[in-house]
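Have a look at the structure below before the remarks.
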Amino acid sequence: MSEMRFTKDHEWIRVDGAEGTVGITDYAQHALGDVVFVELPAAGREVAQGAEAAVVESVKAASEVYAPVSGTVTAANAALQETPALVNESPEGDGWFFRLRLADAGQLAVLMDRAAYDEFVKTLE
Amino acid sequence: MTEAPTISGNRGLQLEEPLIFELGRPGRAGIDLPPPPPVDHDRLAGMRRSGPIGLPDLAEPQVVRHYTRLSQKNYGIDSGLYPLGSCTMKHNPRLSEKMARLPGLADIHPFQPMSTVQGALEVIDRLAGWLKALTGMPAVAMAPAAGAHGEWCGLMAIRACHEHRGQSLRRRVLVPESAHGTNPASAAMCGFTVDSIPARDDGRVDLAALKAKLGDDVACLMLTNPNTCGLFEGEIQEIAAAVHAAGAFFYCDGANFNAIVGRVRVADLGVDAMHINLHKTFATPHGGGGPGSGPTVLSADLAPFAPLPHVVHGAQGFRLVEHAAEAPDARPFGRVKGYHGQFGVFVRALAYIMSMGGDGLFQASGDAVLNANYLLARLGEALTPSFPGPCMHECLFDDRFLKDSGITTLDFAKALIDEGFHPMTMYFPLVVHGALLMEPTESESLESLDQFVAVVQGLAARAKAGNAEEFKQAPRLTPRRRLDETLAARNPVLRWKAE
Amino acid sequence: MSHRYLPHTEADRGAMLAAIGAADIGALYRDVPASARRDRPLDLPASQSEMEVERAFQRMAMTNLSAACAPCFIGAGLYRHHIPAAVDQLLLRGEFLTAYTPYQPEVSQGTLQAMFEYQTQVALITGMEVANASMYDGATACAEAAVMACRITRRHQVLLSGGLHPHFRATTQTVLRYTGMEADALAPDPVGTEDLIGRIDAATACVVVQNPGFFGGIRDLRALADACHAAGALLVVAVADPVGLGLIAPPGAMGADIVVGDGQSLGMGLSFGGPGLGLFATRDKYVRQMPGRLAGQTVDVDGKRGFVLTLSTREQHIRREKATSNICTNSGLCAVAFSIHLSLLGEGGLTRLAELNHANAVLLETKLRPIKGLRVLANSYFNEFAVHLGDQADAAQAVERLAAKGILGGVPASRFYPSYPELAPVLLLAATETNTEAEMDALAAALAEVLR
């Protein structure tokens, strides 16, 4: 299983070679509440680390999802259009948002590993 | 909790009511019309509608019964206390409704020759005069249709003024993080970027942080005063001075004007532009979501940029200036809506203002502030006030009093519904957790407030005693309970469709 | 001080101040800077009794020449229709009149169901898939439609027909002014000769037309819709009098992407032009880009059908500077009025009302044709058409003279287009179900006389 890394804005990225899969964490989906809609990037779009890549909406909130690293989007999770609830049910699995081809694997270094992220989340509570 | 159901599905006077589309039957009619005069041929260029529209046909008794039943499912100010913060749900005087329906005011067309509508133009002019006198400002744009529209109007005047002065690089607007969502939205519509200013621990704007953000790219500061925490920004004159010194304007969101109307003139606070919500401060009905009216007072610097039309008074009487060419000294930034403003709302607001007078408005704002402070004092132990008093016309609590109870602000509000009250504003402003913002207004009697206090104290005690399940089930007594908003957003059904 | 709208007695105030621990109300204002604080009322007129206020308003009302007393042939976007008595009676119910925005759905099902029904009615009459719960008025709805089209197409150019209501045009131009979007407004088009299709290009976000046009003229918009779509642009259609939709092919059937209009004529009456009612409808695929409130159907915990505000993440209170619009308060009560009126009319009634309006307009045209020098500018119309009074005529002067004879004889085009001298002889005339044949005869006679 490829390693996951996390951002302070509660995105995760799972890297497999030159490709990464991006989603939001369980903490984020819980804070949002029931997800009702997601706005996903089109394949081919270039995203920069820390810039807005997607939007996730609950009934009462809309949050930007930022790209954890720079790259080019290769696919978006079409299942989320029909069933946005997947983000709540399986935030780190079937509720993934999009895949991208990494521009610079070195950017992963500034992200947290799971242990560090869990510690970070504790400080928020 | 589940009582034995009735055969009809009704519960006493709580009558179930289908959609109007489910009630129609072809051949019924609620209106009778004379037959059309015979004409040789139509002038429709062959563009006659070919298919049905799909509207239901009903007779008058059915329509009256349908809407009567719908109204019975609503809560209004007429029903009881409506403590929504920054909404100013005060009594809507019925005199206003009577005046708005005088044929000489209701049955006049905006494009009649101006000589035939002098009384209408006088209504607009008199209301404008009152608004200028109450705020101490020299000019007012009467056209905006609501508060948010007035915000946009004031910001457009500000942008137009900066452009005129060659200061077009001023594109940044400073907005406190506690501001109502319309503020940044209005700024964005003028092509501005929005920069947030933090609040201090005492709920006021951080003056030092504000000064640090000022610069020669700042167009204006947007500030609500009293602010959305129900507090008066005591340093407002220093704030205004700092903003002016930096070459920017001071826009004041007037949603909370009810706290100070007749007592404080915003011109004395250094304000350059402020919208007034006639449907809040001046008691015109909220109508389930409008119509409102948002006249915007303007300083001398901004006055030339006021949008069209203007009402002017000269030797020939009242006149509407509808085109820029007719006002060579002015530089109106454009037109903000159709016709001449929300005239029906003007009539209602003017009737209220004339009824109250300067002395009545002075007493009204005082009573509004008195009532909010009374709630703050009496509920200060049962709930957790976010800031020490005195407050202005509204008081803010947060959900610390619910800590460890498993009950949220939302649950508390739903329990209040079962008690026969419309809840206070929830989760706004965002600067405290689980906000409960209450604005009683001056229309509430002492008995009404005491009743409300007793109920809220009782609910708070139950919440702390650990009755979480009871709160989660609330409301139990309303015609509908805990509607599924997630479903509504995931699978939007926004209209009825024939099978 | 004692006042009929203020319940507190001095004893009440004293008791409350004691509970608060303040000496007087003034003490509660201690945060107000001393230089701005007042301890007595401003120097303004004193409060008045109902009787005195009524007297003042009666005087102001009586200096107006109302359409109740003078035959009215004025349209230009706002039409005098007969409002059934039941509408106002229902509107005055306190639960409709004094309710707030329905944020607490359990105690607002009346407003929410009325909104849902209104949204459906607007979608049905315009032939579109979805409608919002209203904008302020037709002109601001038109401006918002232009912004929405730019958002959807990611383009910046908006093309405005010369047959679009001048206030819709001006408001749209103003809203676009500092946004980086541009409005290209064609010259006024009294005889319907403008070429819109030829001006569409890859930069066009939308074309905005009015049908019937401001000067009259009903068009089949399908060719224009096809041309827009082929170029990747949207077609926005403005409707002047919604009663016309009882008779004329709806914009939705002709390929419109967004339909806007003003519904004030139904339910609310003239009221000197305000408050208005902004109709706004579009296709399902654009619903998340549509501004304004939306009521949606759902179920509650007991499985019963109910209604809530929905898709709120488009709106300012959640999205703030990224919202589709800053609109908050809209035109709720006006939408209910429209809805009640339309419910009383029904399909049969709306059709018959539209037939009657059109027939009356045709009858009026027939009576005016014999007037020397006068010609009708449009071959087709619903209930309003422009006439040319003759090359030397001044329509504004004619209207003033008609008013002096107690007739509200239309509105001169020069009121909207003062800088177009060729429009000085053009007069806009409307006839609705409220105009009798005797009134039309009086207008024809008076007009012939003032033009002599």
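Order of writing sets the chain letters: A, B and C. Residues in each chain are counted from 1.
In this text, a contact is a pair of C-beta atoms (placed from the backbone, for glycine too) under 8 Å apart; a residue touches a chain by one contact, two chains touch by 3 or more.
Because the structure is predicted, anything quoted here is derived from the model rather than measured.
Taking the mean of each chain's C-alpha atoms as its centre, the chain lying closest to the overall protein C-alpha centroid is B.
Chain centres here are means of the Cα atoms, and by that rule the chain farthest away from subunit C is A. Measuring from the averaged C-alpha position of subunit A to that of subunit B gives a distance of 38 Å.
Spacing of subunit B relative to subunit C, judged by their CA centroids, is 19 angstrom. Centroids built from CA atoms put subunit C at 45 Å from subunit A. In subunit B, the residues that touch at least two other chains are 485, 489. The multi-chain contact residues of subunit A, meaning those touching 2 or more other chains, are 36-37, 57, 59-60. Shared interface positions of subunit C, defined as residues touching 2 or more other chains, are 312-313, 318-319, 322. Taken together, the subunit C residues at the contact with subunit A in this complex read 288, 312-313, 318-319, 322.
Every residue of subunit B that touches subunit A in the complex is listed here, in rising order: 427, 485-486, 489-490.
Contacts from subunit A toward subunit B in the complex involve residues 33-34, 36-37, 57, 59-60, 84-85.
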